[in-house]
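What follows is a single structure, written as structure tokens, with notes after it.
Just so it is clear, A, B, C, D, E and F label the chains in written order, and each chain counts residues from 1 on its own.
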Amino acid sequence: MEFLSDAISNFSSPMILFFVLGFIATVLKSDIEIPEVITKTLAIYFMIAIGLKGGFEISKSGIDSNLYSSIINSLLIGIIVPVIAFLILKYIGKFDSTNSGAIAAHYGSVSVVTFVTAISFLNSKTESYSGYMVGMMALMESPAIFVSLFLVRIFNSEKIASLKSNTVDLLKESLFNASVVLLFGSLLIGFAVGEKGMSTVKPFFIDPFNGVLTLFLLDMGMIAGKRIAEFKAVGIFLFFFAIVMPVISALITIFLTELFGFTVGDSLLFTVLAASSSYIAAPAAVRIALPQANPAYYITMSLAITFPFNIIVGIPFYYFLINLFR
Amino acid sequence: MKKLEIIIESVERRRVCRILDEVGVKGYTIIDDIQGRGKTGPKSAQDLSNILKSSLIIVVDEESTIIKAIEQLKEVFKYYSGKMFLSDITVIE
Amino acid sequence: MKKLEIIIESVERRRVCRILDEVGVKGYTIIDDIQGRGKTGPKSAQDLSNILKSSLIIVVDEESTIIKAIEQLKEVFKYYSGKMFLSDITVIE
Amino acid sequence: MKKLEIIIESVERRRVCRILDEVGVKGYTIIDDIQGRGKTGPKSAQDLSNILKSSLIIVVDEESTIIKAIEQLKEVFKYYSGKMFLSDITVIE
Amino acid sequence: MEFLSDAISNFSSPMILFFVLGFIATVLKSDIEIPEVITKTLAIYFMIAIGLKGGFEISKSGIDSNLYSSIINSLLIGIIVPVIAFLILKYIGKFDSTNSGAIAAHYGSVSVVTFVTAISFLNSKTESYSGYMVGMMALMESPAIFVSLFLVRIFNSEKIASLKSNTVDLLKESLFNASVVLLFGSLLIGFAVGEKGMSTVKPFFIDPFNGVLTLFLLDMGMIAGKRIAEFKAVGIFLFFFAIVMPVISALITIFLTELFGFTVGDSLLFTVLAASSSYIAAPAAVRIALPQANPAYYITMSLAITFPFNIIVGIPFYYFLINLFR
Amino acid sequence: MEFLSDAISNFSSPMILFFVLGFIATVLKSDIEIPEVITKTLAIYFMIAIGLKGGFEISKSGIDSNLYSSIINSLLIGIIVPVIAFLILKYIGKFDSTNSGAIAAHYGSVSVVTFVTAISFLNSKTESYSGYMVGMMALMESPAIFVSLFLVRIFNSEKIASLKSNTVDLLKESLFNASVVLLFGSLLIGFAVGEKGMSTVKPFFIDPFNGVLTLFLLDMGMIAGKRIAEFKAVGIFLFFFAIVMPVISALITIFLTELFGFTVGDSLLFTVLAASSSYIAAPAAVRIALPQANPAYYITMSLAITFPFNIIVGIPFYYFLINLFR
């Protein structure tokens, strides 16, 4: 079976193995300490690197006709995924609207590192993808958060108790969110600088990319390992949700991308974006906007269950599914 | 003079400072990235967002100003995790 | 209410928190990576291990709980470098 | 015993410690890289030199020693930005 | 016009574009956070990298007869620029001696990152320069600070109110200043290790250099963006001073380098050093030595006005002027 | 004499020169500040890099028959060195058992950066070594610490006054010690990923290795320079011990490796491991387990005397001795 061999070869990439090492090390209580400032800087590095690369690809290939359908697809996913997540949590999981909305916001938004890992997976398959997919990721960061807050407001108007000034803060923070600005900015710069400009930054932003990702995933493994201790707080329903929801989002997205006729590479990236769950932008926004929601839920689910699931099993599985339908 | 020590989760630090500015305190000192444990469990910097960290803000001012600040801050503490401690202090300089 | 400020070398920070948890204090706040000077000379972060740094732990609780905590902590201070300071404080929130 | 809390801009931190050493205080604790706002406006670490940051230095000692320290430190506060706060404290260990 | 095309091509380099992105992001209040420890480490990286490269170049080319005139030129600039700056501020700007001296110290001293950006500009023009220019930069860091303090003392003897011990502290700090030691040290090491030694460090200090500079300038853009809020505190006179003074320094230096007969590359680097304003060494020294001077002035002018002006407009403009005179 | 030329060529490598620069800069009180988080991250980088490389080498060459004798040799050194150190300190130096044991633990354990510098030395000599030597280093980290604690317990039973819970803490910390887990983990991953996996991380973990080491050694030079101020606290006996003990350990190890018939490369690495003194793992463990021992002794000796001695004089000297006996 191709899926199995893909999964196994994915599993034997240094990135995934270092993620697992970090996870195990933390469970064994070994205090490998990657300082937080490094983690944050590497996250910025990745956004610049994929932005530059994406923009440069666009400048070479031009913008094809799929751009518009890609934008529509991004926005569709940004609405459909949080709505489904919200309904499942509220009506099957019997969670209150606030917690349902808080979690839905995370699953509707996206994870940059999952995307980056998927790109690394595609590269190892020599499967191409469109440069503007980085833009699609930037596009998908915020809408689902607003959709989720809107759902909470509809279902739960009087209990929404956050402060007035919050909404303004939140809007500003989401629109000009650090990662949105960095991604779009780097995309534009990558587009503008051409071959010569790219060659000057290649030895820093392109060549060591996978190695840096390895270090970062070691760190992510440790963060996930620490979070897994909160497992009990999450409970069995949310645990399964954190695995099933990505698959649901993936299936919907595979269907949509099939409809739109995107390439295999673009389809996988869309699918991974839909299936991934945010753990940087969404937690910050949700903590401010929905303070009554329990952060132990969404942080643990995103970091310790969905992220590992996606990078280890999800990516090769979605790739297998996409190829199955062709 | 009174010293008010405010421990507040990082995401709300900016709002707390804004309130202090509005109330018109003479000044304040901020220590960021602190950890701790309270009734809502441990708060230690183990995720990529900043939501599991706190800041410590120290305000020294007249009792009346501090009381005004406390009034305003209580609104924040309704929803967000943290503590406020009050004590006596003498300002030398 | 009482405020206990504990300055303890970093290697023993985890044990101090464990003792506070066992004694049942309501909460505490930790500031890591602090420097200082005491009778054992300067403590400043200049080596690769963490043994030349301290942490500051602040505990606010009822006098009785604080006294229990102090009893237990004295064991740690027999062997490791640090200080404990006690003062009065009012809890607002 | 008295507790003196000194907030001083980072460039002068070393001099303050030197003065404390000369006065002969028993010890002190330093928290670096803190931010704040006072009458000279906000102090937050946004430049490449260290001039827009402060340090918090805590000294606990006999009243007489603390008073001596304050005398000496006033010289520094004539020119540099910062604060000194004094309060009562009990030394446990 | 060649200047325009140079300016535009400079403007489309990834470094400058990321500076602009950082600036815009901050103005839009996007909280991209490059931790301060990273900024400081990158500054060290640049000093080592250019020191090594400069030293290695010297070891290959030998020290030419221009070295002595270069040293004289460096010292001349280090005296002339702060004196002119001081007089303009005091007699045209009507500032008190302390603030005039504080600002003059910054404009007399130099900015490492402006120099590094100029090197990157020269490389893109394949214009050569002497290895010892790094040494000239190190030489120019401190003298102007002392000249300025001396001017304050002369014009304002009784009001100089800094503490006794300060002068000793300051002398020590300036002579064995971190960047002076690092630059000279790396220059010596680059000179000593030869081809083989250089090749072992090249993949870290030479190849990724431009990429690292890109990341650093993103950060500088954000720092400048935050500072620009203090714009009002600076006032219109100082705003113009922060743009005109670099041009004055540049013209003087172009004249001097013409006199000495330096190459275009060396002349540009001298000009950029003269025109640049310090924001690491000078603020720290001045804050200690002249506490009554207002830091909002010198920090904002150096970081938020002169630095952007120099790297965006200044460098290609000075290059144009230098070529005009040949 | 070959040793002299080796020593001189070692001394003119950029790594050693930057160590010296860092040392001198600190003595001159220049505040070059490499933030601690960077130092810690670089230490992690080195462990991953040498682990990966070692594992990959094993996967290429297979495990040879020397593996078993290497393990025995590692354990032998881990017992002999601390016992000899302890006896010298207690009976010649007249130190109490606690301080003797504390120092012995450091000299029995190993220094990763000394090992890394030795690898860099071997590379410059194009002398090969076995991939599993990284594993030997990991194996040698903890045993000597336990042996030393055991000696203290025997010689000084009633005065051992550390808390009960300490022993459990310590065991856990030593067995699943961060560096042990990282080294073994990276070794396994390097073994598993093969040529393709290695090539993806090479531009980050292999190519810039020596350059990163240069930066790290600048930092180590500064740390050593700061520590040297504690020189007086250490005293003349311990000063000589910190130089003579590495040579004793080296001689014993050279004899053992001769016996076992290891290659020159492996023998040098074993010798350097035996001669090196820990300054990350051992201090933390000893501070917890033997709080009455004076940290000024062991930290200063390890960092400010033995480390510089080993990387500057020791490595070429041991290499010379090993070749002398063949």
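Structure notes:
The criterion applied here is as follows: a residue touches a chain if its C-beta (ideal position, glycine included) is under 8 Å from a C-beta of that chain, and two chains touch if they have at least 3 such contacts.
Keep in mind that what you see is a predicted model, and the values were worked out from it rather than measured.
Each step here moves to a touching chain, and the least such steps from chain E to chain F number 1. The set of chains in contact with chain B as well as chain F comprises A, C.
Greatest Cα centroid separation from chain E: this falls to C. Averaging C-alpha coordinates per chain and comparing to chain F, the farthest chain turns out to be B. Each chain gets one centre point, the mean of its Cα atoms, and the points for chain A and chain F are 41 Å apart. Centre-to-centre separation between chain C and chain D, using Cα means, comes to 21 Å.
Counting partners per residue, chain E has 37, 40, 203, 208 as the residues that reach two or more other chains.
Contact of a single residue of chain B with at least two other chains is seen at positions 31, 87-88. Screening every pair of chains for touch gives A-B, A-E, A-F, B-C, B-D, C-D, C-F, D-E, E-F. The residues of chain F lying in touch with chain E in their complex are 12-14, 17-18, 21, 24-25, 28-35, 37-38, 120, 124, 203, 207-212, 214-215, 218. Touching chain D in their complex are the following residues of chain C: 4, 7, 31, 34-39, 54, 56, 70, 73-74, 77, 82-88. By the touch criterion stated above, chain C contacts chain B in their complex at residues 3, 17, 21, 26-32, 60, 87-93. Across the complex, chain A meets chain E through its residues 37, 40-41, 44-45, 48, 52, 172-173, 176-178, 180-182, 185-186, 189, 192-194, 196-198, 200-205, 208.
Chain A contributes residues 36, 39-40, 43, 161-163, 165, 169, 223, 226-227, 279-284, 287-288, 291-292, 295-296, 299, 303 to its touches with chain B in the complex.
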